[in-house]
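Paired with chain B in one complex and with chain C in the other, chain A is shared by the two complexes that follow.
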Partner chain A sequence: MSADEQKRLYEQLATAVFELDEQLTKLLSQEVLDRGYDAWQAVERGLLEGVNRAGRLFDEEEYFVPELLIAADAMYAGLAILRPHIKTHHSGFNRRVVIGVVQGDTHDIGKNLVRIMLEVAGFEVHDLGRDVPPQKFVETAIAVKADLIALSTLMTTTMERMGEVVSILEAEKVRNRFKVIVGGSPLSQQFSDRIGADGYAPKAAQAVELAKRLVGLSNAA
Partner chain B sequence: MTISIRTETREELTPLERVVLALQYKKPDRVPAAPLVCGASCRVLGYSYDRWSQDPKVAVASLLAAQDLIEFDGFLTLVDLSVEAEDFGQEVLFPERSTAAPNFDNPFIKTADDYIKVKPVDPRKSRRMSTVIEIVRGLVEARGDRVPTMGFVYGPLGVLSQIRGHAELFKDIIRHPDRVLEAVHTINNVLIEYAKAQIEAGAHAIVLDPLYSSASILKKSTWVKFEAEIFKSVADAIRDAGVPVIVHNCGGGVYFDAVLEHISPIAISHAYPAHGSASWKHHADAWAKKVVSIGVADPAKLGHEFSQAQVLEDCREQIETFGIAEGGFILSSGCEFPPNGNLLSARTMVQAARLYGRY
Partner chain C sequence: MSLDRRERFVRALARQPLDRAPVICTGGSMTATPDEVVALSGYALPEAHGDAAAMAGLALAAARITGFESVGVPLCVTVEAEVFGAEIDLGDARTEARIVREPYASVSDVTLPPVEDLLQRGRAQISVEAVRLLAQQAGDLPIIANLIGPVSIAAAVVEPTAFLRELRTKPAETAALSARATDFLIAWALQLIEAGADAIAIHEDTVTPALVGPRTFEQAVVPHLRRLVEAIHEAGGRVLLHMCGALGRSAEAVARLGVDAYIPDASLSVADLHKSLPGAALIGNISTFLLHQGEPKGIAKLAARLSGPGGFDALSPTCGMSSITPLQNILAMTSAKNARAAQEFSNV
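Up next is the complex of A and B:
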């Protein structure tokens, strides 16, 4: 096994994701396994590196939402092949997030972008989808021992559901076990402060930075 | 801080006269104020949102009552963004106290092969679009001599996103561009008739919503190819009927240059500075004299966060920023006034125009 060949294959994998080629990503992921290379390294140096490159171009307005979504599809296709062969959890981060769109709202692109970026950043993400009742966020966060709850909405009519999540956490006396972050077009720092959330991020990339900062500062177990 | 708000029962101009002048960059008596109170009007007469969305008589009565209460300078017949989608076959959910929306668990277009299912419909006979046409008619009949009624048409790419699902449509734009384009053309042809029908019902202007002309979603060239070059024909049909075209887009970083090039509206209703403008000051310097701005209050802050004193101050700042337009500015919410927002804040916006917007 040549280290150069391995490196080259991981680079090809990153390029396939970055260039939105899902079929090639699948083929290369299988090739990683066929050659007996390390699956986690292929994920980290190939798939995640590819999405990271796409993300950088998204920030620079070279890629837009369609490109980012397809890059993520390619990453997930490769991950489906590689994940069963990852021997141990290598991320070294080991923080859990429960994420979802609050009840009454079905707009989930923003939530999905944040989920992808959180996963790329090493978080273990439990995605509850859209139209999620407040109680379900709390129940899931307790069940999976989450560090952070991430709430999303695009609609002004459903913003208050976020406050309900915080209220339930307080009522059940578990508020200090979780950090709560909120995001979505109609929201603001002022709103986040009013409902007692721990943070607000106007963009997906900033949500990830916020999440990292909060779990790092909180020292949550 | 105590603010005394006084209603001026007599003003020099009617809302219609005021808005018409502003749209021509002629200074009216004061800055017009149109906080885009649409769905929120259902609460004025105590109707549920689902009934308001589907019964034109209820919607007309509610909007008229809201105008009596708030004294805004124009009606916008934005019911919700699922109107056209339902008539093309999409299942829509109608919550009792919130905006109707497609059931994205059951999209009409489930796979890329389903784009051919999109067939022409007659907006004058289809359930939801005909409802909006009747709302326009009712408002114009009741108050058309004094208060302008702006019809509303969601862009064909936006409509398609409501019957395919946003994420899937965006991916199909790259994977199946021809199928997407064919469906966009089919929808667009219906929208031409829909706009004409609203004009026949008396609409003073038509607001077109090309939501994806925004850097927060699509590349400019992608939007031009998949919507602008096609949607232009709707704008042309409206102008051919002698009615002005207004664009609304509450997305971040609207491509003002491309919108003006392809749609050529006389005004743009927006929530954020144009793409490439780092601040409202930069935006006003670059665009305020080229196209009338309608905006730009943050709807969530306006309806949910601000005290009345903050609403006044926020509106004062906007009027000051857009003073450079020399009359070509309409004070408004950057998007629909929150349906569950504080209606007093909408009224305060109108008062702010009276207090700070005198020419």
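Up next is the complex of A and C:
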């Protein structure tokens, strides 16, 4: 039956992403369109399911950063094919994040992982890259009407730049418009509290849970 | 037992009996030059990054001011990346030198000159000259020359997120680039040893087991590190290795590298490390967060405990110290050696 065939194709798509096969992901995504199946379901039950499986293996230390990046590449390749055919009322839940590595630091691998996980979770992500001045976070967050500002750093020296972002938000009297979350290996909940951020997460997957909770998409534990 | 500082360091690396563990700081990613130290040194950053006399002078002044029992150059982690074409911002006393832009977006685009040309680029020869000057001026202080590990250099030639992906998708090309970085490092390390370095510290700080996992580490990192370690040993040098993060299932692969000493991530326990790396001396393990934000009393206590029986063969900060680390916290660490000796005496 067609419903079974649809289901099988979505499952193949999830497996292709999970097994890091970008070419197969593209072929299967095209097949979804050729057969007239629903593009959003293919994204949700195929592409995103595949990356989520890769993410679970990442948490279990079976996959590492290279594998997660390649799975995300496969997902994005499939998304490029399917996205134009998604009916608009399915495209995410309209929550925006501005993310970047703070000024003075160019380590962005961790930030890139969080960006991928946020996009998989349905956030609209505005990535400012690395070595980003505090003012730039604030300007962008205001311009794109962001819900959340996500700050990353790997260096103890540049941690204090995160506090500057919060200070600028306060000085410009827009602090209550945005939630601010912080992450990076030298950080802690204590540090987050001290600079007046709204939350800290030690790992990429937990950052997504934190982000969802702060924008009201899931309840606090 | 009366040992001078070089003898104590050399014996610590060989895990021979000691009067006490030396307190060292390698340089490179673990440079002993936070801004308070630089301000007292009579030298300035970023100028000392680009001048051999100032680099050696600042390294020596830092050892004198902090009490660390070693000198290390270079004072940053960007010499290799610059040699390989990355755009560098040398920062200042408060902001560490850093890579602004990697030259290539993909490993497939990389073209590089021969090693002899690479050795003449950037600040490679300034570092060699700084070691030569230290060999004349540093007295009994052991001299440590610092290298970025070959695969972490490759991840500074190609944009690092792309490079990590290409470790799996383009293994032959990433291996060729890492091999070229290894060729450069071997030639440079031989110059640094010839100039008077007592030990070479390799900082494989990007492409670590924690980040790429045991399989990729074994296939893409170990062969290059092994060749580098063997070449340094053949030249009569000693090898210290530092990597961030946990070793996990890669501990056995790291043990096979045969390094003289391992400088672990601050989160790892000394008992586990001795078990998984039985042949290596262990250097560490004063957390740089504690050095940055802690109190002198707590730091001195930790230093005394870590240098005690069953502890580390040499004390050092891990990983990189923040440039706003208070000098009094560093002094609490370096003077702990006296506290321990005094305590042992009172226990007699």
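To be clear about the criterion, the second predicted complex is superposed on the first by the 212 of 221 C-alpha atoms of A that agree within 3 Å, B and C clash if a C-alpha of one lies under 4 Å from a C-alpha of the other, contacts with A are read in each partner's own complex, and residues count from 1 in each chain.
The rule we apply is simple: a contact is a pair of C-beta atoms (placed from the backbone, for glycine too) under 8 Å apart; a residue touches a chain by one contact, two chains touch by 3 or more.
On a predicted model such as this, the values are computed, not experimentally measured, just so you know.
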item: Combined model on chain A where chain B meets chain C, clash or fit; value: clash
item: First (chain B), second (chain C), both or neither touched by A:E61; value: both
item: Which superposed partner A:N112 touches (first chain B, second chain C, both, neither); value: both
item: Chain touching more of chain A, residue-wise (chain B, chain C); value: B
item: First, second, both or neither for A:L20, with chain B first and chain C second; value: both
item: First, second, both or neither for A:T157, with chain B first and chain C second; value: both
item: Partner chain(s) touched by A:R194 [first = chain B, second = chain C, both, neither]; value: first
item: Touching partner for A:P186 - first (chain B), second (chain C), both, neither; value: both
item: Partner chain(s) touched by A:I70 [first = chain B, second = chain C, both, neither]; value: both
item: Partner chain in contact with A:G104 - chain B first, chain C second, else both or neither; value: both
item: Where chain A meets both chain C and chain B, residue numbers; value: 20, 61, 64-67, 69-70, 73, 104-106, 108-109, 112, 155-157, 185-186
item: Of all residues in chain B, those that touch chain A in their complex; value: 95, 97-99, 101-104, 166-167, 170-171, 173-175, 215-219, 222, 250, 252, 298-301, 303-305, 338-341
item: Touching residues on chain A, where the partner in the complex is chain B; value: 20, 61, 64-67, 69-70, 73, 104-109, 112, 130, 155-160, 185-188, 190-191, 194
item: Residues of chain A that touch chain C when the two form their complex; value: 20, 61, 63-67, 69-70, 73, 104-106, 108-109, 112, 131, 155-157, 185-186
item: Complex contacts: residues of chain C adjacent to chain A; value: 91, 94-96, 98-100, 160-161, 164-165, 167-169, 211-213, 216, 244, 248, 288-289, 292, 320, 322-324
